[in-house]
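In what follows, chain A forms one complex with chain B and a second complex with chain C.
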Partner chain A sequence: MAEISKYVTLISNDGFEFVVLREAVLISPMIKSMIDSKSEDLFPFREARLSGRCNFEEISQPCSSGQVMEKVVEYFHYWYKNCEKEDVPDMDIPAELCLELLVAADFLGLDSKNLSRPRGD
Partner chain B sequence: MADEPTLPPLPSVSWDSGSQSFTRKRVRGANNAPPLFSNSSDPAVFSSDDDPNVENYAQGGRQRKKRYVGSWFQQHPASGDSAFGDEVRPKPTTKRTLQRQSDSGVWMGSDISTDMEDVGMEIGLTANPKLPQLNVSRPVAVPSPAEREAHRRIIEAIDLGKENLDLTSLGLERLSDAVLSSLGELSCIPLVTDGVPFEHKDPVLKVFLSGNPLIRAPGALFNLEFLSVLSLRNTQMAELPPVIGKLRNLKTVNVSLTRLRYLPAELLDLMTYEGKLKELIVHPNPFHQPDQRHEYGTLFPVLSDEPEDIVILHETDGSGAYDGKTVRAWLDRRDRLKGVKESPGCANLPLEIWQMLLAARSPIQFTDSRGVRVSQFTLPSLPTEDDVPPLVVETEDFASSPALPRAARETNTAAATFSRVPSLMEIALRACSRTAQREQLPGYLEGSDPHHLADTLHDLNAQADANGNMGTVPCSTCRKQVVKPLAQWIEWWDLGIVALRDKEPIGSANASELDKKQSVPFMKRACSWGCLPKPAPYGTSFPGTVKFSTVPKPDS
Partner chain C sequence: MQGTSGWVSNLNSIMSSRQQRAGRAIRGPHSALTDFLASQNISANRIREDAEARRNVANDSTAQSADAGASSTAANGDADELAEAETAQVATTADKAAEKKRKTQAAAIDKIKKSKAFKKRKRQDEESDSDGIAEAILAGRAAPLPGQMENCEICEKRFTVTPYSRAGPDGGLLCNKCGKELAQDNKDDQKQKKKKVKARGHARRQVASNRLDGVIGCKSLMTMCIQTLVNNIDLADDLGDMPAQIVDRVARQVAKRRILTPESLNLFLQSGFEDVTVYDAARLGSDDLIRIFQMVPKLTNLKLKNAIQFKDEVMDYLITRKTPLDSLYLHGANLVSEEGWNKFLVAKGKHLKSLRVYFTDKHVGDNFTASLKETCPALKCLKIAHNQEVTDAGIEHIAELKGLEHLSLQLITPTSTEPYVKVVNSIGACLRTLSLTGESLSDLDDRVLDAVHENCTLLRKLRITHSEVMTDAGFVRLFTNWANKPLTFIDFEKCRHIDSSKPRENAHLNGLCSDGFRTLMSHSGKSLKYLNVHACRHITREAFEDAFSLDKEYPELENLEISFCEEVTDFVVGCIFRTCPKLKNLNVFGCMKLKEVRVPKERFLSVCPMRWAWKLKVLRTELVTLVELVRYQVLYVQGCVLFNLGV
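Let's turn to the complex of A and B:
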């Protein structure tokens, strides 16, 4: 297997591609199971694991649109930047996206019980 | 009444083929009587049968009922047909020229001229609205008589500038926000005397709600910034909302004889050196009891590692009590107190200050961002029945690190640092709690969305209703507002208020106030893994409260 890239590409259902740090997206158990080499070899994710591309195109809900995914990616980096800081600034999300982000967070497993994992794993 | 007044002749109606409608010509009555029916705002003509005297009707050859013109408060008989001779006649009106104001836009009955044809006017308006949803009557919250009485007293207090609001024993089961929020407008009537400059005086509100079967504290209460005395004694409250921490001017709180199982930890913050809260009446209540409590021994320990940067509030020399040792009352500057004087030892006495010592801590209940419990330990739920005896709650040693849920233990190594970053779901929920349509949000979810999210949003609304319309609760460690705290636990604190007076030695008499028999449980919560309680040594006192220590004699 080729050397694992430092970055992962997330593709939204309207075709936007986001290149995110692999370390940052690993806090989502959902994405982790898609790309992590340690996870079991589930068939639909084999491609994602090899290419480092996570395709959310089949999920036609608004929660995987580019607009929402942009905020999700912002959160990944917000977490990556602040996870070891004492004083964490607030991340602001617009009110009109709050429900879509709630569904997206539920889907990606971005729950407080999963955030206890220290960085680097 | 031999013959009835004759009706005016019917208008002559003719079909107008040009406009495909009936037209009619109005003919003025011969005696120039005002038209019987008028669709305008002309002066009304009243007919009264108040005095059915025959003389009112018998006049000359033509028998007519007595008529009045003018406004209702200033009526005059219509014409000279009155039986009274000496009445004040209406002033003869100046002759009006029938002239239309071209720009008035108002059609008056008197504007019509004989040769003007009015095309079929429709007079009747349908009373029922055409929109179907307006016909559906919505349930309207009808205030109970007790609530109306409370409202009357609140209005009276605002009108008179009274700062004491006595709503005791009215039988109030609920008190709507609309009624209570107007109290925020109360302002004092300043005492104006000669030579004294006018000064704005903030009101010192005192609200007494004792003796009412209130199930929860009314939410608008916690927006009354100047509330200084709050009595909720003898009510049916099961929880005091954390939003009470907003009331920084509270001096006295009485919550005895309720169904409270614990108090919000936000009350502790009001009891620090800067806080004004000096009187807290909490017993008797069916508080949770710890199964085991820590005894901290002497109240005046000899501290080997007393911090350098302290504020000495009071010091007794070694002459009197305590075997010649110096007893000190001090504050720790590391507690980030803002109101403390810069130079140590110059506190303004006399001073009443709280002493608080940690007695016990329950294990921590962990929940995920949806509020689903993930830990073994569960805090007892709020009682639903009326008389449940105080429950005994399991405790753990607060001098060691709290026990973590199994999932977190597995993923954490010993060197792992806990992050303080909230989860994305928590951030989204905070945004939900801030929106104006918070109550409608569960309905906006799509059918394909997971059902548990709707439950989470319903929980958010219930929490906001109980917490004075604040969907978020503060984290006990970092004070950030959080919707679904990651962890919750109960801490039992021994409370006592200490009176420090100048030239009076600190002795056991001052500290005997500390109520060791009945520790008070406070509910604390943490927003993230980084805010979990740290191991606390025995005898830990709350930040910002007085600490005692003894200093041995220098020569010993």
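Let's turn to the complex of A and C:
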């Protein structure tokens, strides 16, 4: 298999593509299972694993629109940058996106019990 | 040119000072300060005139340059030697004066550069060069004095300078109106600054608070979303198709902030729901509580905390509905009368599987427990807490509830052993949970433990607290050859001997002591998740060391409470962490022999021995390394001021 790229592309259901650091993305158990080479060869995810492209186009979640995805990606980086620090200022979350983002966070498993430091694994 | 004008002004000032000296003989009324200054050879008048002269120089420099030019040509035109000499003399004097003036000005500017005001201004605008600022300040000092006329720096109107005239942003003076406006702006700025300072303190407290809540570092996206949602709860109309556990988390957060109002209640009421949990119903009226039953027809599990307005009328309404209630959790509903409860049990008791009642004043009493047998045949879980009406007789009625699997009592009226023995003998065989707690149990004796040993085989959770009469032998008998499977939850808080005159002596081995603790751990250690031996003071160090010796392992233990067990040492705590791989929380309040505990990563330790706090204060560097070691744990050190200093 070709060398794994440092970056992963996430595609929202309205066609926006986000290129995100692989290590940052692994915080989401959902995406991790899509792209992790250790996970089983489940058919729909095999492509994602090989190409490093996670396609949310067919997942008809309201949470995978570009707008929400942008915030999610922002969180990935926020978390990647700050996870080792104490006293981190909260990320700014617009009130109107809050509900969709909440569903997205639930879908992607971005819950406190799943948060672990990336360099540890 | 400058030199000439400087000389003129200098001459002026010399002359005026001479006049002054001459005039000093005539004395008007003087202040003490003027006298003092005069004795020091300082004259306010002279200072003022000097300043005025300097100002005139600055103001008229352009005008005077023309004059000076004219005079110099005139001097050139005259071939008169005397005149020439005079001019030369004038020129040299002027040069000297100018030199002197430049020096004094340079010194003043240097001084200003060192001053606070300069530094402040410099901070405000980093870009402008320092000389410019210093000159501006100098010019500001040389501003017109009270009583003079001046052009306002902002609106350029002419106005009379008063002692209260304010300096403008560029060093000039402002008229009354503009000054007021500027002052207002400054005030707003200051307010913002104050707010910022406040916010900083708030942030520090928030960090400490989060630490105690176990939230350290980055929050999860979910937590932040829920926070934002709760902050804007008024804007939300509907939570949509949110999974139930998220709705529950939102409900908890709303309750924590105490902002659950009749309006926001609607978010948690959807016709499809089967569970409704309101963690803080204090702001809801009876009508709002009735609305719960109207809007959620399929309601099976209802949990209401602080449900003060849950009155008879709400009960009456509930009785008329076909709500298939399985489980009722009512907290603080002390306005429901005895009759109201009775009607409810008669109408709805048939399907009721779980009934939990907290904080009822007078109306849940012996009659209530007596009627349960008839009205609630399916009851599996009964909890009566903070109740002052149920007595021994009431407890005996519970013995007839044959289907009961979970029994939890926290009574206030003192009770005796016999009714509990009767209950355990009668229904103990089915019980999964037996929780007896509260001050009312101080006379509970070994017979209850024996009854539990005899009858209970399915227990998972056992809690018996506050008994002062039970003995170590009783606990040993309970756990030796007990047919029950290992328990997951044990709480023997405050089962200890109390004698204020001889607090250390325990001749009859009352309470949970060493042997009881050893047998407890060998019986249930394998599956124990929660163990509380709070204040069981007579468990010895040897017993702890035996129980947590390194060849043993307690694979499930997550929470251990050993506060006020006096014999716990650093070694014991170390052993505990080694033998309990899943341990998350260890509570060691009041364990005075602890001096220096090393907490492994991802574990929590709550500590509060005063002596420890003192030690931390002395050895602050140690604290820092300790905190470094345990960076991701909660370190709760009550009474230690340094903890709040951001270490």
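Convention: the second predicted complex is superposed on the first by the 117 of 121 C-alpha atoms of A that agree within 3 Å, B and C clash if a C-alpha of one lies under 4 Å from a C-alpha of the other, contacts with A are read in each partner's own complex, and residues count from 1 in each chain.
Basically, contacts are C-beta pairs under 8 Å (C-beta built on N, C-alpha and C of every residue); 3 or more make two chains touch, one makes a residue touch a chain.
Computed from a prediction, not measured in an experiment: that's the story for all the values here.
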{"item": "More chain A residues in contact - chain B or chain C", "value": "B"}
{"item": "Which of chain B and chain C A:103 touches, first, second, both or neither", "value": "both"}
{"item": "Contacts of A:111 with chain B and chain C, given as first, second, both or neither", "value": "both"}
{"item": "Shared chain A contacts, counted only where both chain B and chain C touch the same residue", "value": "72, 75, 78-79, 82-88, 91, 93, 95, 98-99, 101-103, 105-106, 108, 110-112, 114-115"}
{"item": "Interfacial residue positions of chain A with respect to chain B in the complex", "value": "61-62, 72, 75, 78-79, 82-88, 91, 93-95, 97-99, 101-106, 108, 110-119, 121"}
{"item": "Chain A-touching residues of chain B, taken from the complex the two chains share", "value": "366, 368-370, 374, 404-405, 407-408, 411-413, 415-429, 431-432, 434-435, 441, 444-446, 448-450, 452-453, 456, 484, 486, 528-530"}
{"item": "Residue ranges of chain A in contact with chain C within the complex", "value": "72, 75, 78-79, 82-88, 90-91, 93, 95, 98-99, 101-103, 105-106, 108, 110-112, 114-115"}
{"item": "Chain A contact footprint on chain C (complex, rising order)", "value": "203, 207, 215-229, 231-232, 235-236, 239-240, 242-243, 246, 631"}
